[in-house]
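Next come two complexes built around chain A: one with chain B, the other with chain C.
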Partner chain A sequence: MGALWTKIALVGDGKVLATGSVRSTMRPAGPARELADVLLGKAGLPPGGGRMAATGVGRKNIPGASQLTDLMAFSRGARFLHPAARLIVDLGGQGVRLIELESDGTMSNFTTNEKCSTGTGCFLDIMAAALGVDPAHMGTASQNAREPAVINTSCTVFAESEVVTLVAKKRPKEEIVAGLNEMVAKKVVAMINLAGTKGDVLLAGGVAMNAGVVAAIERALGRKVVLPPEPNMVGAVGAAVSLGGSR
Partner chain B sequence: MTGSGKGGRVLRYMNAEMLESARAARGRIQEAAREQVQGHLAAMRANDRPRAMAYFDGMADPFGKRAEELGRFRASGGRVVGTLCYFAPAEIFAAFGAVPVRFCSGLYEAVHPANDLLGDAGLCPLVKSTLGLKMSGASPVLELCDLVVVPTPCDAKLKLGEILQDTVEVHLMNLPAVKGTEEGRASWMNEIKGLVRRLEGLYGVRLMPRMLRKAIATYQRAQAAWRRFSALRRKGGIWGRDALLVAQVSFHDDIARWTENVNRLCDELEGRPPVAPEAARIMLGGSPVIWPNWKVPLLIEESGGIIIADELCSGSRTMYDPVVVGEWTMEGMLVAVAERYLVPCTCPSFSPNLDREENMLRRMREFGAEGAVFHVLRGCHLNSLDATKANVVLRRERLPMLKVESEYDEGDLEQVRTRIEAFIEMIRARREQSG
Partner chain C sequence: MITAGIDLGSTYVKGVVLVDGAVKGWGVQPTGPDHDETARAVLGSALQMAGLRLEELGYIVSTGYGRRVTSLAKETISEISANAEGTRFVARALGVRTILDIGGQDTKAIALDERLNIDNFAMNDKCAAGTGRFIEALAGVLGVGIDDMGPLSLKSQSPLRITSTCTVFARSEVVTLIAEGKPKEDIIAGIHEALAKRLATMARKVGVRREVFFDGGPARNIGMRAALEKELGVTLVVPERPQIVTATGAAVLAAARLAKAGGQ
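Here is the complex of A and B:
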């Protein structure tokens, strides 16, 4: 359960069978159960079956589910999806988190952004709204940019007015989007460099679905990162995997 | 625009309406403080703790028993001096027969009156709360003070000392940023002498060596008791949240009585088993944690950790270092007092501040701490920067550190909890892996 979205992954026989997401709400238990049943149906399984584990900020609101913290879920999910991962970078709705892993998959350290939403999904959503771009298209919207605009401030409120100013100056939208993606990447790469990991870096979280941010991260980092097929599902997959023992 | 404040003081920055509205908040601030204090004490008592903590619980209400006692003391001609920092030297006040009371505030509700003046400018909440406390008149003890002594370790306290002069007599002490040089020590020594002159003028008394000797001896006993207590914390017989309360009762208590009660607590701790042998052993550092802003200590200890050691100016540092007198002359004693407050202190206002990282490392090893939580009050840039430095140094030694930023409200409680829970879980995973 993330700050913005509740993600569900159905895992069985060592595979991810189905995934889905709903907006996180004050009363998440009902919608989560409904979605779980839809996913079970897709996999040809009876509703209400299986076992459920919950992770994330609202995990305690899911009755009957076993609980694990986000960190544990991400570690398990990353190990399941890409065993060679040594650093998980979770680009979530309200937070950026880095989890460092030992070669056996246990956590050795983690860092988070502080109480500031810059560089998170919320930040990009607000910028998308200011630009009149569909948030889901923020990654592709920057593809044709000739030169990314420079966004000077990282504060959400001020960055928004900077964006509005750039629009008023007739700067092409794709260049502004590219500038925003660069800014987010720069902040994330600074955190990655501080962690100093040499091994594989796995990106997770909804913002990792933004191809522009991912490309900018790889450019700034000077190497490739690992992008799972559904980066927003890493935590959910990890929660599901935790029910099945050590693998 | 100026107006007239209490006791004929000129209002330079505040105005009468602002103060009136602050004073109207007095009851609300007191009520909220009591609620917070009682809530925390109930949570703290629910666990296994030494019987000798009862004394410190009794002193925990900032508007309770001790406030009444000081009220009577003042009414019978006693002297009370307010201080706003670790650096205000208690021995000097005590030498004049004055009781020093440290007013760094941990009250959430007191932030609001200060916001009327300062706006919501991302300033340290401790400083805003302290200013709001004075503006509202909510602390009966602060209202008794003849003088408030404000050292200037950071921008926020520097300006607090300035603005507070609308409502109370203030003595600023210019703290050097570079303490390792001859010049730095000499300038601080001058500040100590300046404070002595100020108090001599205020009370019409000349400071005599025997007065200072007696005060130093009284505090040396307190410092010895605290060091004994600090060493005993290693065995884990007491929760960190209780240890911090013990330290902070010294902010306003009768120091001889406090010493006696700390020693009583130590006697009990000698034979006590650990309160939470399985808990993750945490070193708490960073911005001052001031009662009843117990958010971070309670979250750590509710999430499977125990604060086994701290490096807070509101905790271990309060009483840890003794005044070491070489020569019992007036000059010798003043030098000893000056050095005691300057040299061992690892406040982030100093540069370079290698002592801080090294002390953290040394104490973490000594106390078997498995990780450090570095608490930063929102707006405290100095601690935020020291957190970055500490993180780099601790990481090199493979000791995990979590930096948590917090404010004076309950709004960030769950966000901070999530981070602390995850941090402690990681420490446990590391432990399983290595053991």
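Here is the complex of A and C:
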């Protein structure tokens, strides 16, 4: 249960069977259960069944679910999806978190930035709105950019004004989006470089679904990163796996 | 001697006309897409108030972040220098040693020595959380006019704590507080306290010595003043027109230049 989205992963027999997401609300239990039943149906299972584990900021709001911390969930999920992962970079809706793992999967260090919205999913959503671009298309909108626009301010609030000014100056939208994706990547890579990397870097969180950001991160980092098929599901998969992984 | 100062801020453009050492006219307008045009309009209203024409101005100095984009001024000056100059002019005999100037997109803390020269300063233009933009953004969420924020917050008995630092996160936090049915005045008082805490941290970087002068648009906000006084534990010196101190400083400097050049 993230700040912006509630993600559910159905795991059975050591496999991810189905996934889905809904917007997080103040009363999340109902929508979460509904979605869980839809996923069970997709997997050909009866509704109401299975065991549930919850993680994320809203984890306490799901009755009947066992709880685990975000750090535990991401560590478990990353290890399940890519056992060689040594650094998890969670690009969430309201924060960027880095979790360093030992080769046996235990957590060795943790850094976070949840004070500032720059570089978070929230940042990209606000910019998408200012640009009139569908947030889901921010990754592909930058594909044809000839030259990324330079965004001078780092604060989300100031950058929003800067984007509005660039639009007024008729700067092509793809170049502005490219500039914003670069900006997010720069902030994330600065954090990665501070943490140091010993092995595979796995990207998680909704922002990792933005191909433009991922490409910019790889460019700035000078190496490839591991991108799971559904980066936004890493925490949810980890929660499910924590229950034992099989039925 | 007739001079003018224009302060081209991020949010408002301010202009002051100075005649023989006295402020005779001023103007304030929201910053439009064309800085030069806004500057001309602001100067026009300041001149009108003073009963003067543009040709009668001996020298014009511009300041503020847009200071270089107006063709009106013969010279530009940094906001820090202009603000200190303006503070010396409006609060000459009050023993001011610290200035807190909150702008729409930046905040300055300036330490003055005994002779009122700039000793040290700190500036935040990187993060909206410590600027006027913080109040503006949250007033928007609350649907409260910026000028009503101060009076409303004074009705609060128990200010709510805004825990987020980032303006964007604080916006979501305020939305949640509204949804929970919390009284508006308590939310607003909490907003002022949150900004006061950030300003105080910045002021302490340069050292808070009395008297403390508070200017810039948000200094007009009585709730903001109260929160800052509580946080710093001092009574603030607030000028009659906090928004035009920096523009006044630019006009004073223009007069000094003109005097040096032997003009009148």
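Heads up, the rule we're going with is that the second predicted complex is superposed on the first by the 243 of 247 C-alpha atoms of A that agree within 3 Å, B and C clash if a C-alpha of one lies under 4 Å from a C-alpha of the other, contacts with A are read in each partner's own complex, and residues count from 1 in each chain.
One rule holds for everything that comes next: a residue touches a chain if its C-beta (ideal position, glycine included) is under 8 Å from a C-beta of that chain, and two chains touch if they have at least 3 such contacts.
This is a predicted model, so every value here is computed, not measured.
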* To do: With everything superposed onto chain A, say whether chain B and chain C fit together or clash.
  => clash
* Asked: So, does A:A190 touch the first partner chain B, the second partner chain C, both, or neither?
  -> neither
* Of the partners chain B and chain C, which touch A:V57 in the superposed model: first, second, both, neither? -> first
* To do: Mind working out whether A:S108 is in touch with chain B, chain C, both or neither, as first, second, both or neither?
  => first
* Could you say whether A:T69 touches chain B, chain C, both of them, or neither, answering first, second, both or neither? => first
* Between chain B (first) and chain C (second), which, if any, makes contact with A:A43: first, second, both or neither? -> neither
* Asked: chain C clashes with which stretch of chain B: 39-47, 93-101, 129-137 or 237-245?
  -> 129-137
* Would you tell me the residues on chain A in contact with chain B in one complex that are also in contact with chain C in the other? => 115
* Asked: In their complex, what parts of chain A are in touch with chain B?
  -> 57, 69-72, 102, 104, 106-112, 114-115, 194, 196
* To do: Going by the contact rule at the top, pick out the chain C residues touching chain A in the complex.
  => 33, 105, 126-128, 133, 137, 165-169, 176, 179
* For chain B, which residues count as touching chain A in their complex? -> 376, 378, 391-392, 395, 398, 400, 403-407, 412, 414-415, 418-419, 421-423, 425-426, 429-430, 432-433
* chain A to chain C touching residues, read off their complex -> 26, 94, 115-117, 122-123, 126, 153-158, 168
